[in-house]
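Structures are listed in the sections that come next.
Across the two complexes that follow, chain A remains constant while its partner is chain B and subsequently chain C.
Entry: the complex of A and B
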């Protein structure tokens, strides 16, 4: 079922939680709401679920206004960050809850409840835990049970609030892939909230980047990563080096030259650490820098360099690092492969790339 | 080797002995000894005198009245306590801290003042006095007055017990129930109530103990009519003032027994709460796939 969000606004006292949010989620799409804590992403999710009411604006499910539909009648599956399993019920009873509270006329018979619950537990691969209590499960297991519980009522929309936020890295990665598979099998619309950019980029069909109650950018994971609409999106999705034209003339000028209407000083250039090439010889348009630190981190080698008292971060592959054989205090030249320039502050100007 | 190994974090022996002695001494002189004295005095004239004192119609009426009042206020306390705790723990609203303060009021006000307040409201010269006497309704110096002050005195116990419990449990489980289609009553009965049942019982036991033992407030509004509005604590005082030591201590022993039963119930509930908590929060990390 599609979800349409129109001009939603919400305040808590003087704090603006959401302002003029517009978003369309077609049926079958998996959307990530991504942003730092306090950006309003959870509030938006709760408004969709009907657990919070918006001050202004509308939420439409399949084209129908939901303002007067109570949370319990929305057919929304909600998964909480801290699972919110019923602690005094067994795993089986947790999953059966949604079926047991149905009005007597539509409530399935006991045998059917049993078979449906067991089918769901098989789906999340935890049918062997049916008699346990939530406290006897690991975090990953709890979240899978919470998901099975939400799916028991055959929701039209699945909402997940930081579903993997409280889990270990390993379990988190596994559950991410699993959620993606499950979503594809279920053919429902899903929205999940996260502050983890990697998670959003890996799992979602579309990513909605939010900041201070507003949407900064909506796009596919590739779009928001490779062509961020604002400096905020650039910085939030991965590491970035920021160059102000006054300081780092050589680079920012290259990009700004083509825009005579903007004064050189009002320009900021963004370059990702892995988009910078290091050379031992002077380059035209290259920045001269001194190697400060070299750390090997997993498959990458991170090099910190100083240029005019500012720190620049560069990520190299292990092979490239071996060839370069960088040493502390060494003098090198830097050249950007991909550079993006914003008028400071805010607006996009132009993209400048120069291949090496 | 000379001497024993001493734990490095242990206090000197004399200090430990002193602290332990002070604690145990206090326990003996102020808790065990008085309790013992009650029973010794009650049985001073033998079993038959004790049984006779308890069989006195006025004493039996006082015991009956005390039990009746305690049972009568119980459902009110449960409803008020759960409702107040629910509102405070699960919702944010204007005047919340004021409500919390108001709930604590009966703890802060002297019981005698409470009695006087209700005397001023319902007494013959009080606010509703003329209206009540015109309709021939007796509140003060009658059963309703005793019930009203007891309600006032005992109202905070359940709420006080439940507020921190419900706050620590948060409202996510309720929200989950809601999103799964549960109605308000289903949510309360299937999710909230099972989570708070031991805390609720604990609060009820404390409120009950207070309801049976209350003296000051009841004393002001009861009128001390023997066989009618005399509760057990009031009866003990009357008998004692009449130099009927055996009667007074026999009645007091009943109160003490009720207190011991309450303590036992409280201990059992505490034990169950702890056991359930440890059972429900024990972690079994095994991740089998």
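Entry: the complex of A and C
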């Protein structure tokens, strides 16, 4: 079922939680709301679920206004960060809850409840835990049970609030893949909230980046990563080196040359660490720098360099690092492969050129 | 060999000894003295005193009124605790402090105050009188006094437990299609029930032993509004120490049995949710 969000606004006292949010989520799409804590992403999710009411704006499910539809009638599956399982019920009863509270007329027979719950538990691969209580499960297992419980009522929309936030890295990775698979099988619209950019980029069809109650950018994971619309998005999605034209004249100038409308001094250039090439010999338009630190981190080698008093971070592949054989204190030249220029803060955002 | 017995937390032996000595001194010693004193009576004499007409009537009044008061407190105490935990409103702290008042107030003061309020010409009693409701100097008055005494036990037991229930659990129930009523019955009440039982037990035990506040409002008419503790006192005043200990023994046994029963119920309520019951899934 599609979700349409129109001009949603929400305030808590003087604090603006959401302002003029517009978003369309077609059926079958998995959307990530990504942003730092306090950006309003959870509030937006709760408004979609009907647990919070918006001050202004509308939420439409399949084209129908939902303002007067109570949370329990929205057919929305909601998964909480801290699971919110019913502690005094067995795993089986937790999953069966949504079926048992249905009105007598539409409530499935006991045998059907049993088979449906067991099928769901099989789907989350935890059917062997049916008789346990939540306190006896691990975090990852609890979250899978919470998901099975949400799916039991056959929701039209699945909403997940930082579903993997309380789990450790290994379990997170596994559950991410598994959520993706599940979403594809169930044919529903899903929205999940996260502050983990890696999670959003890996799982979602589309990523909505939010900041201080506003949407900064909506796009595919590749779009938001490789062509961020604003400096904030650039910085939030992965590491980035920021160059101000005052300090890094050569680089910023090159990029700014194509933009006659922006005064050179008002330009900021963004370059990802893995988009910088290191050479031992001088380059035209290259930036001279001194090697400060070399760390091998997993598949990458991270090099910290100093230009004037500024720190620049570069990520190299292991092969490249072996060829370069960098040593502390060495003089090298940097060349950006990809560069993006924005007007300095206070000015309107500008499209930047890329490459030199 | 000593390694297998080593405990991570030190001082178990010492603290256990302390606990046992303390409990013996405070509870076991006086109680065994009581039992010893009562054993001076022959079984037939004991039985005659314990089942005397006045004694039987006083048990009924004491335990009946306590049970009623504890039940009333369980119900309203739950509401008070819920309000104090879940909502914020002006004056909340004042109300929270007010709950403790029955703890702190000397029971005699409470008894006199209640008796004055509910007397025929008292602030409340004068409006109840025309309706034919007599509170002061009747068994009903005893219930009122015991309710006053027992309230904080229920509220203070429930508060931390209600605080422990995340609001998310209610939201989860709502998103699964449960009505408020279903959420209350199926989700919230089972979580609160063990604590409610504890609060009920505490309020009840307190009421059974209450003396100070009751004697002022009860009227103390034999067979009607005379509580067992008062009967014990009056026996002592007549230097009938043995008779008083016999009655005390009866109270002790009844209280002990009731507490045991409630504790067993509580244990069952608290444990059925955390233990694995393999038959459950198969049954459904």
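Basically, the second predicted complex is superposed on the first by the 345 of 356 C-alpha atoms of A that agree within 3 Å, B and C clash if a C-alpha of one lies under 4 Å from a C-alpha of the other, contacts with A are read in each partner's own complex, and residues count from 1 in each chain.
Just so we're on the same page, a contact is a pair of C-beta atoms (placed from the backbone, for glycine too) under 8 Å apart; a residue touches a chain by one contact, two chains touch by 3 or more.
All of these numbers come straight from a predicted model, not from anything done at the bench.
Partners chain B and chain C clash in the overlay (superposition on chain A). Judged by the touch definition given at the top, the superposed model places A:171 against chain B, while chain C stays out of reach. Residue contacts after overlaying the shared chain place A:138 against chain B, while chain C stays out of touching range. By the touch criterion defined above, A:102 lies against chain B and chain C together after alignment on the C-alpha atoms of chain A.
Of the two partner chains placed by the overlay, chain B and chain C both lie in contact with A:153.
Of the two partner chains, both chain B and chain C are touched by A:49.
With both structures placed on the common chain, the touch criterion links A:130 to chain C but leaves chain B unconnected. Looking at the shared chain after the overlay, A:80 reaches both chain B and chain C.
Once the two complexes are overlaid on the shared chain, A:88 sits against chain B and chain C alike. Comparing the two interfaces of chain A, the one with chain B and the one with chain C have residues 49, 51, 71-74, 76-78, 80, 82, 84-88, 97-98, 100-102, 132-133, 135-136, 146, 149-150, 152-153 in common. Within the complex formed with chain A, the chain B residues making contact are 172-173, 175-183, 186, 190-191, 194-195, 279-289. Listed in rising order, the residues of chain A touching chain B in the complex are 49, 51, 71-78, 80, 82, 84-88, 97-98, 100-102, 125, 128, 132-138, 140-141, 146, 149-150, 152-153, 171. Within the complex formed with chain A, the residues of chain C that make contact are 166, 168-169, 171-179, 182, 186-187, 190-191, 273-278, 280-281, 284. Per the touch definition, chain A reaches chain C in the complex via residues 49, 51, 70-74, 76-78, 80, 82, 84-90, 92, 96-98, 100-102, 110, 113-114, 130-133, 135-136, 146, 149-150, 152-153.
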